[in-house]
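Here come two complexes built around chain A, the first alongside chain B, the second alongside chain C.
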Partner chain A sequence: MSTSLVVPLHVAYIRALGDSKNELSYHLSAHLRMNAVYWGLTALLVMGHKDALDRDEMIDFVMSCWDEEAGAFGAHPDHDAHLLSTLSAIQILLMQNALNRVDVDRVVKFILSLQQPSGIFAGDAFGETDTRFLYCAVNALSLLGKLDELDVEKTVAYIRRCKNFDGGFGAVAGAESHAAQVFVCVAALAILDRLDEVDQPTLCWWLSERQLPNGGLNGRPEKLEDVCYSFWVLSALSILGKLTWIDSSKLEAFILSAQDTESGGIADRPGDMPDVFHTLFGLAGLSLLGYPALVDLDPVYCMPASIIENLGLRKGWKALQRRTS
Partner chain B sequence: MSIEQHNVKRSRQTPEALAEKKQREKSKIDEFLALTDDVLSRKKKRDWSNDAFELTQRLLQINPEFYTVWNYRRNILLNGIFPESTPEQINNILSNELSMTTTALKANPKVYWIWNHRRWCLENGPDGPERDGVPSMEWRQANWDKELFVAERMLDADARNFLAWNYRRYVLANMPTRRSETSELAYTSRKIGANFSNFSAWHQRSKTLVGLWESGQLDPIQSRDDEFELVSNALYTDPDDQSAWIYHRWLIGSGENKGQLEREIQLIFELLQEQPDSKCKRLWCMESLVHYKRLLLQNHSPGSQTLKQECVELLSRLADLDPVRYVRYQDLKRDLDQ
Partner chain C sequence: MTDSDASVSTCFRLLASLLLKPPATIEVLPGDASIWIPDVAERSRSPFLFMENNLGVPEKELRRSYLFAVPIFSAARKASGLHTLENSCNHTMSSVIQDLIDSSAVLILMNPAHQTALNARKQLIVRNFVNVGKELKFTAALLSSRHCCKQGELWYHRRWLLRRIYPIPSFPQWLISDVVPDSPNFYLPPNDLSVEINLVTRACELYPRNYFGWTHRTICIQSALVPGVHSTTSDVFTEIFAKEIVSVMQWIESHISDYSAVHHLKTLARLTEDAESAFLPDNLLPVFGHALTLVRAFPEHETLWQYLRVFWDEGDVATEFVASFVLPLQSTRTAEQENESPRGVQHACHFLEWRNQRLK
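After this line comes the complex of A and B, so read on.
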């Protein structure tokens, strides 16, 4: 078990992600490629190693995923446009200072076309609905400076229907509270300046009960801890100003123990295979906890805080003070 | 390497073993990529043929997460196959789709796209054959009834699978002939009886009860008392866990009923006096006592110094016993002083 963050190994791990084309699993995850690039790039930025991946190559990849018919981005060249990959593409281009490459009008049209009469968003034209997609839509519109085109009341009304008695939120109206859905709903409400919709004492109680004796966080009562919940739970607590309601040093130790200290990367829990998804959300958690030498991360947008500040989009979240050692 | 994975143990492989694995995978990769190229180029050419339909099936069996191919498959049905088919044939095709995805779900119960494809099949099927010149709902009815059964089997395999629960609620809300909420209540009783820690079932129960109370099918007062009995039973017999406690908190709600609050406070106090071995149980006893006494204070006895003092003492003990949430207990204490 390691007690410190092995930054050089994680950087090398992310750099090597594109080199595994001789592994079947690489090809079987093509439907997540755009997300993976966003996860990898954001992780590098949090570690202060933006240049570890080639900028031009990355922008070319993003643009090669443009779905001309739909007017948005797919996860991979020739894959259909989807809200998940469209948000990731916008985030990548913004972090690479290349947002001018986006046909904003068409993307906005695509996003707005996916809002259902109830206020929730579908992920694509075939219509699976989920509050995750609602968050993608709100986040993307906000980054593009087009929130004024959204029917905010309708959107908030749907989130309200997803609120449960435990203060949490589910994937659709009637669904059980789940930390990942809590993050998307709370972050969407934060972007829309509607945090008054949250039952804060109850939700913060529920969120702080996610911490288990081993320091890790779970996503629902009576489930196992998992590094990705470090972000889903922490981001919501940070947005609501209650990061101190869990034990940060125990959580930090848990995240660090899930590192692969031989080959880099962070896993869902100690001893498991790492992946870029858990690597980002582990690092994001550590950043919010004030881990030394990391870059500040904005928990609402899950991007470097300075970028969000420059856009004038910073909300009133609070992270723990960054420690010097 | 995978992009996102859970519960996969890390194993160190020798360079030789790794090279061997890559060699073995090479032909699989070639086959997968060739099939992908074939399918995606047919998609570009708007090939709505049966051949293309078969190919999407092969590809989705290898990779059920390939959402673009699910979309293409539906487009082939809509643009190529349905226009050439009778309603009966369409119904048969969609029944096949449902069977195929049942198999896929058993292997991949957490793949959203598979659940989503089932929804689409259910929503896009014809209603039923004509009987004596009158349209019937036979096919639709049969498909949706079967669907509830599938959701149930998936919850038998994993009683906390939230995709299966969400799907169950979707089916219940959209079946041509609705099932009664009373039978859903009975379903949650069975699930909870099998395992008190199944919070998903407690959650479903809370939603179902609200429906029953609002529609007047159950008397809210009597039914709430029955629920208190059920949950107390759970609190006494088993839970080393949070599920029943969270449900109990839902039953109390905002604590308008003073008698109920006092009765439950007394009951939890007695449970705590029994000195349960489990730390978790002790914590939840105290945590709940604080919450309910605060409700009593706010709603029924504003200014009671005794209640306030009791809360402060409990919070001090909680802070000692559960240092992880120390700041929360301190914050609550501070709130009491204001």
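After this line comes the complex of A and C, so read on.
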């Protein structure tokens, strides 16, 4: 049980992730490798340890995932292009100051080709639709400076159709509210300056009800607490200016208790095996909660706030004041 | 090739052929084959269990086959050129195609979120190397397995197949379309709708609160209501709808933490409003009373209070319920800190706040 953040251990954990290339777990996660690299890099940046991973190697990896046929990025060499991996690639290159490596016109064409008549986005040419992919599209276009090419009304109209009775949003119109889908819809609306579409009191209430007696947050009623909701729920509340609606010290204690204090990394809940996904989102949550010595994170983009500010993309979100100790 | 390479290769091909029969159900069994098949001779013939069309795959065998399949898939995907726009595929490619069919099946069993493997199977179907009806059965078998049945990509794969089997007559097939009430992408005849609902029901027993399972169910109901194929006043539609409402209400009674079911019921209610049929709302009349009964019986369950809110009907019955049940419950709150009270009391407090907001 830890009451403080063991930064050096988490840095070492992330550095070691690429070492286990022969293990099954490495192969089993190939389909999300690009996302994993983004999670690892962002986590290091939040901890102020950007140089812990080799920049050139990382850029080479990203470019090796370019799908020339589709004009976008896959998750791994010889994996099909997808919006999820394309967004992660753009985010990584931006954080590594190498966005000039991207063929922007082709990527924009790929992204826009995936919008459906209803306004939702498919993830790839095979057509699975989900508001997560809508967020990836809006986020990526925004980071590339090409948001003006998007049909904003059509996109917003679809998000509106996903709004449920409880103020939350689901994966598609008619689907149940889920905190991760709430994040992607709220963040997309923030980028598009359309937060007026959100039923704020109702949604913020639903979000605050995700906090359980142990301080952790869940993603839907009566589900278990999970560290990743420290980001999905918290970032939505931060964007809507209502971070104070959850008990921050209890949440902080919960996240810290999910750390692996021997080998580093953060797990979904105390006692479980850590992974890079929960490591990032635990750190992201702590950053938004004002945990000392962490770098400010932009909750809309889940990237360092300074990078987003330099692009002129900062929106009106509010995190808790960073404590000095 | 060493003996052990040959043995892994044989097991891989055997597993692929068993998966592609396809079986009725698939289960990944803990440990290795020696636990499940003690007889050495039998085990060397096949380390997999196959009884009455149910396949059991020891986890260690699956892992070995998976690692073997990874480079095979990668090579076959490149060699086949299916993921490019090439249309040529001559007969010398048959072993490459077989490699693609076999390796993608094994990859998806262990890793049902493997997008590229799922895409390869779609491409194989488009070019008629894999039969769409068989793939539907293969997907059903995968969805009988706990780690598979929660994956959104697999449920979507199934809907992609359904769109090929039951396209909307007037709908251009090249147009990928997601499902909203005004633009369905396939229609489902009643028998096939039952198949889908049974699949989802089984998946939700295996993996409670199955998000993508319930979403699939909602989309399938919507697809059964496609205008022009069924009229909203037809007997068939009415029967489907009435049955679905009863079925979901029963599910809620025996799964009182399952908010996904409550949400699905609310979506059905919205569909009846959209359908503008005079008959249908009657089916939903018992729902409010149902919610009241369940909250009284199990006040510690957040789901049931949400059920109440979602179907709340302000009137005499509602007022009586608040006075006789909710207010007394809320007044038992003794703890200073709200979150130290019993859950039922907390929910009652939240409910009253919610109601007061609405009444303003």
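Convention: the second predicted complex is superposed on the first by the 325 of 325 C-alpha atoms of A that agree within 3 Å, B and C clash if a C-alpha of one lies under 4 Å from a C-alpha of the other, contacts with A are read in each partner's own complex, and residues count from 1 in each chain.
Note that in this section a contact is a pair of C-beta atoms (placed from the backbone, for glycine too) under 8 Å apart; a residue touches a chain by one contact, two chains touch by 3 or more.
Fair warning: this is a prediction, and the values are worked out from it, not measured in the lab.
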Practice task
Report clash or fit for the pair chain B and chain C bound to chain A in the combined superposed model.
Solution key: clash
Practice task
With both structures superposed, pick whichever of chain B and chain C touches the larger number of chain A residues.
Solution key: B
Exercise for the section: Report for A:D226: first if it touches chain B alone, second if chain C alone, otherwise both or neither. Expected result: first
Problem - Which superposed partner A:L53 touches (first chain B, second chain C, both, neither) - result: neither
Practice task
Kindly classify A:S118 by the partners it touches after superposition: chain B alone (first), chain C alone (second), both, or neither?
Solution key: second
Exercise for the section: Could you tell me if A:R161 is touching chain B, chain C, both of them or neither one (first, second, both, neither)? Expected result: second
Exercise for the section: For A:I246, select first, second, both or neither according to whether it touches chain B, chain C, the two together, or no partner. Expected result: first
Problem - First (chain B), second (chain C), both or neither touched by A:G127 - result: both
Exercise for the section: Figure out whether A:D268 sits in contact with chain B (first) or chain C (second), or with both, or with neither. Expected result: first
Practice task
Would you sort A:F277 into first (chain B), second (chain C), both or neither based on which partner it touches?
Solution key: first
Handout entry: chain B versus chain C as contact partner of A:N35, first or second or both or neither
Key = first
Practice task
Could you tell me which of 3-11, 129-137 or 165-173 in chain B overlaps chain C after superposing the two complexes on chain A?
Solution key: 165-173
Handout entry: Residues of chain A that lie at the interface with chain B and also at the interface with chain C
Key = 24, 27-28, 30-32, 74-75, 78-80, 82, 124-128, 130, 164-166, 170-172, 174-178, 205, 209, 213, 220-223, 247
Handout entry: Interface residues, chain A side, partner chain C - complex
Key = 24, 27-28, 30-32, 69, 74-75, 78-80, 82, 116-118, 120, 122-130, 161, 164-166, 170-178, 201, 205, 209, 213, 220-223, 247
Completion exercise
Touching chain A in the complex, chain B uses residues 1-10, 12, 22, 25-26, 28-29, 32-33, 36, 40, 43-44, 62-63, 65-68, 70-71, 74, 112-113, 116, 119-120, 160, 162, 165-166, 169, 197-200, 203-204, 206-207, 241-243, 246, 249-250, 253, 323-328, 331
Completion exercise
In the complex, chain A touches chain B at residues 17, 20, 22-33, 35-36, 39, 74-75, 78-80, 82, 124-128, 130, 164-166, 170-172, 174-178, 204-206, 208-209, 211, 213, 220-223, 226, 242, 244-247, 250, 260, 262, 267-268, 271-278
Handout entry: In the complex with chain A, residue positions of chain C that touch it
Key = 63, 66-67, 70, 74, 77-78, 83-85, 110-111, 113-116, 118-119, 122, 152-153, 156, 160, 175-181, 183, 209, 211-212, 214-215, 218-219, 222, 257, 259-260, 263-264, 266-267, 270, 301-303, 306, 309-310, 339, 350, 354, 357
